[in-house]
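Okay, so subunit A shows up in both of these, paired with subunit B first and subunit C after.
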Partner chain A sequence: MKLICEHLTKAYSGREVLRDVSLTLEQGKIYGLIGRNGAGKTTLLSALTAQIPITAGAVTLDGAPVWENRGALKELCFSRELNISSESGLSSMKVRDYLHYAAIYCPRWDEVLAQRLIGEFQLPVKKRLGKLSKGMLSMVTIVAALASKAPFTFLDEPVAGLDVIAREQFYKLLLEEYQATGRTFVVSTHILSEAANVLEEVIILRGGELLTMTDTESLLNSARYVTGRAEDVDAATAGLEVHHGEVMGRSKEVTVFLREGQAIREGYDLTVQPMSLQQVFVALCGEEENR
Partner chain B sequence: MQQLSDSKSIYLQIGEMIETDILRGVLLEEEQAPSTNELARRFTINPATAGKGLNLLIEQGILYKRRGIGMFVSPGAREKILNKRRAAFFEGRLRELLAEAGRLGITKDEMIKMIEESDL
Partner chain C sequence: MRETIRYWLLFLWQTAKIALWAVLFIGIIFLARVDFTRMSLSPYLLPTIITASAALPQLICGPGAYTLYMPLQLALGETRRNVFWGYLTSILVYALPPAGVCGALLALSPSVPNRLGLTLGLLLVQLLSGAFSSILGVLYAKFKIIACFIIGVVSACAGGGFVTINMLNIFSDKLSLSFLGQGDVLTVLAVTAAVLLLAGAVLTGLRLRRLEVKL
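== the complex of A and B ==
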């Protein structure tokens, strides 16, 4: 199964939130969706799962449009971030009831797994959603997503508000479920340091556009942080893809993305360091403000 | 096993950890190596990454596959790792050391003297 989105554009009253996004999600991978606040992550997840109508383009599952397509929607689960203040109807709903409705919407729902996860997270099922902390609300969305057993499962900010131990627990559960089933997961997150090693591919949105979609390993492999005297840095990196240059006195630091066969020119006294996903993201998406 | 860092590709670190375990005698020749799934769980990493690390060791003849059972430490793996690391020592660390010495203005004679005076 493949979920394909082509030239997807979404506008809210004339304002484009997503512009000409094309990507293919394959089965059996964990994708990370990253981007700054307002980059269009939630809108993209909503559009891919036919939660909102799209303005232009197409979203298809194995060739069939997903919009108002019951067969296709059975294969997709979007576990959205629970935002209680804006969705007032939810605040008086009990955790148990929320998960009950989730089970009704998900034809492959695994109640045994749901119960196990509720136990692991020690979720108070009788409490109303409005009484839960942000972290506990995230746990509810995680239970709904994992227990849905949908072949394509989308999690919007699943670790928001979770403490570091619960975040680790989430990624372990995600990997466990992934290894057992080979389901596809798309996870949006801002906490990149912990997610980087779990994500096989990353989808980076910037200002409503797809900046890049690439496997995490090669993205990190191609990135270098180069520091030294400004003229040495410039000479050694001339002709390469250079981002986020910062000059301090005589020194300069840049992020370089090497394409296949490229290298930083030798013979200069430079410090060349590998980069983490978080640093790469800042180099790619932090530039908007500096321009 | 050790912990992962950001300083290097994760699959390379996984490979190096298994190598270090073999050098230390934590893993013996002809013993079963950790599986992709075990490594993915232990380090909370994508199984594809763990698999890449293991495959690297298979390509180098440090591990071998037994169909349907898993991966095992090859006979002679220890020797192979030692040879590989010795080569890497001269190619990598020693070069870095010489470059830093050059920057600091330490002469070759001074370095030789230090090496001769050390307990090595």
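== the complex of A and C ==
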């Protein structure tokens, strides 16, 4: 099963928030969707799951359009961040009612798993959503997403508001579920330090455009943080893909992305270090600010 | 479609719960004022209470359908087409039990003339209320504050007026709903209900077509 979006564009009053995004999501992978605030992450997830009309392009599941296709939508679950401050009236809905509605719409809903997660997270099911903390609301979305058993499950900022222990618990559960079922998860997150080990592929959005979609290991293997005298750095990295250069006095630090067969030239007095996903993300998306 | 039916039945149950509490509350107030030793219980009393109690929560809950239940249903993976038909069907389904109960109660009162026409009239009143709630729901979802004001005024005028007039009639022993069963009144009610239902359906369809899910 493949979820494909081709040349997806979404505009509001002529302003494009997603521009010509094309990607393919395959079954049995954990994707990380990362990007700065306003990069279009939630819009992309909404478009992939037909929760917003798109301006141009197409989203298909195994060749069939997702839009107005209940058969395709049954295979998808988008557990969105709950905004209880909105005027939707969601704040007055009880946790158990919300999960009950979710259960109606998920043909593979696993009530045993839902009850187990409710217990593990100590969720007060009789409470109204409006009475829950941000962390607790995230837990509700996690329960809905994992218990849905949907082959393609999208989680929008699932760890927002969670403390470090709960975040670890979430990633452990995600991996457990992934290993047991081979479902596809797309997780949008800002907290990359903990997610890096879990995400098989990363989708990076910048300013509404797909900057890159690649497997995490290759991305990290290709990225190098290079520091040294400015002229040495320039000479050693000439012809390579260089990002986020910063000059401080006579020294310079840059992020280099090496393609297959490429290497940083030797013979210069440089410090070359591997990078974390968070550093790579900053190198790729931090430039937006300076442009 | 099975999911849509289950989903909107739950929505209807939320509305009906308010209606049942309203029946109880208004019923107690009305019955407390009836002096059983001096006057006979009007056969129109319970139908009046039931109709008012069913219509008011529908007007109140209508906006919630547009701001919460429809977006939530789409968020859970329903198609816009099914949301549209599910909601419209729920309006029709919601109108049937109160009208049916009223019809059954009226059937037990042989003194009431034109019981079938009156039952039909009460059904049309319920449908009118449903159509109003859909139009107000769209307005609320689109214009929020202005719509709140409109909803307040409409609910106060429709519900308050209906209840007040009938309370006054009850206390003066003049309660009658028989006018609802008259041919020309039925025609006006039917045409108005049809026009408003159509308007509500068109507005709902237009809203759903471009609706962006935000919860």
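Here is the rule we use: the second predicted complex is superposed on the first by the 289 of 291 C-alpha atoms of A that agree within 3 Å, B and C clash if a C-alpha of one lies under 4 Å from a C-alpha of the other, contacts with A are read in each partner's own complex, and residues count from 1 in each chain.
Note that in this section a contact is a pair of C-beta atoms (placed from the backbone, for glycine too) under 8 Å apart; a residue touches a chain by one contact, two chains touch by 3 or more.
Note that the structure is a prediction, hence the values are computed from the model and not measured.
K.L.:
Superpose on subunit A as described above, then tell me if subunit B and subunit C fit or clash.
P.N.:
Verdict on subunit A: subunit B and subunit C fit.
K.L.:
Contacts for A:Thr60 in the overlay, against subunit B (first) and subunit C (second): which applies, first, second, both or neither?
P.N.:
neither
K.L.:
Per the contact definition in the header, classify A:Glu168: touching subunit B only (first), subunit C only (second), both, or neither.
P.N.:
After superposition on chain A, A:Glu168 lies in contact with subunit B alone.
K.L.:
Using the superposition on chain A described above, determine whether A:Ser251 touches subunit B (first), subunit C (second), both, or neither.
P.N.:
Neither partner.
K.L.:
At the CA centre of subunit A, how far apart in angle are the CA centres of subunit B and subunit C, to the nearest 10 degrees?
P.N.:
About 150 degrees, rounded to the nearest 10.
K.L.:
Among the partners subunit B and subunit C, which is in contact with a greater number of residues of subunit A?
P.N.:
C
K.L.:
Contacts for A:Leu220 in the overlay, against subunit B (first) and subunit C (second): which applies, first, second, both or neither?
P.N.:
So A:Leu220 only meets subunit B here.
K.L.:
Once the two structures sit on chain A together, report how near the CA atoms of subunit B get to those of subunit C, whole Å.
P.N.:
Result, nearest C-alpha distance in the overlay: 28 Å.
K.L.:
Can you give me the overlap between the subunit B contact set and the subunit C contact set on subunit A?
P.N.:
Dual-contact residues (subunit A): none.
K.L.:
Can you list the subunit C residues touching subunit A in their complex?
P.N.:
Residue list for subunit C touching subunit A: 3, 6-7, 10, 64, 67-68, 71-82, 144, 209-210, 212-215.
K.L.:
Give every residue of subunit A touching subunit C within the complex, in rising order.
P.N.:
46, 49-53, 68-70, 73-74, 76-78, 80, 82-83, 86-90, 93, 97, 100-102, 104-106
K.L.:
Across the complex, what residues on subunit A touch subunit B?
P.N.:
The contact residues of subunit A facing subunit B are 30, 168, 171-172, 175-176, 178-179, 193, 197-200, 216-217, 220-221, 269, 274-276.
K.L.:
Which stretch or stretches of subunit B touch subunit A in the complex?
P.N.:
Residues of subunit B touching subunit A: 4, 6-11, 37, 40-41, 43-49, 52, 103.
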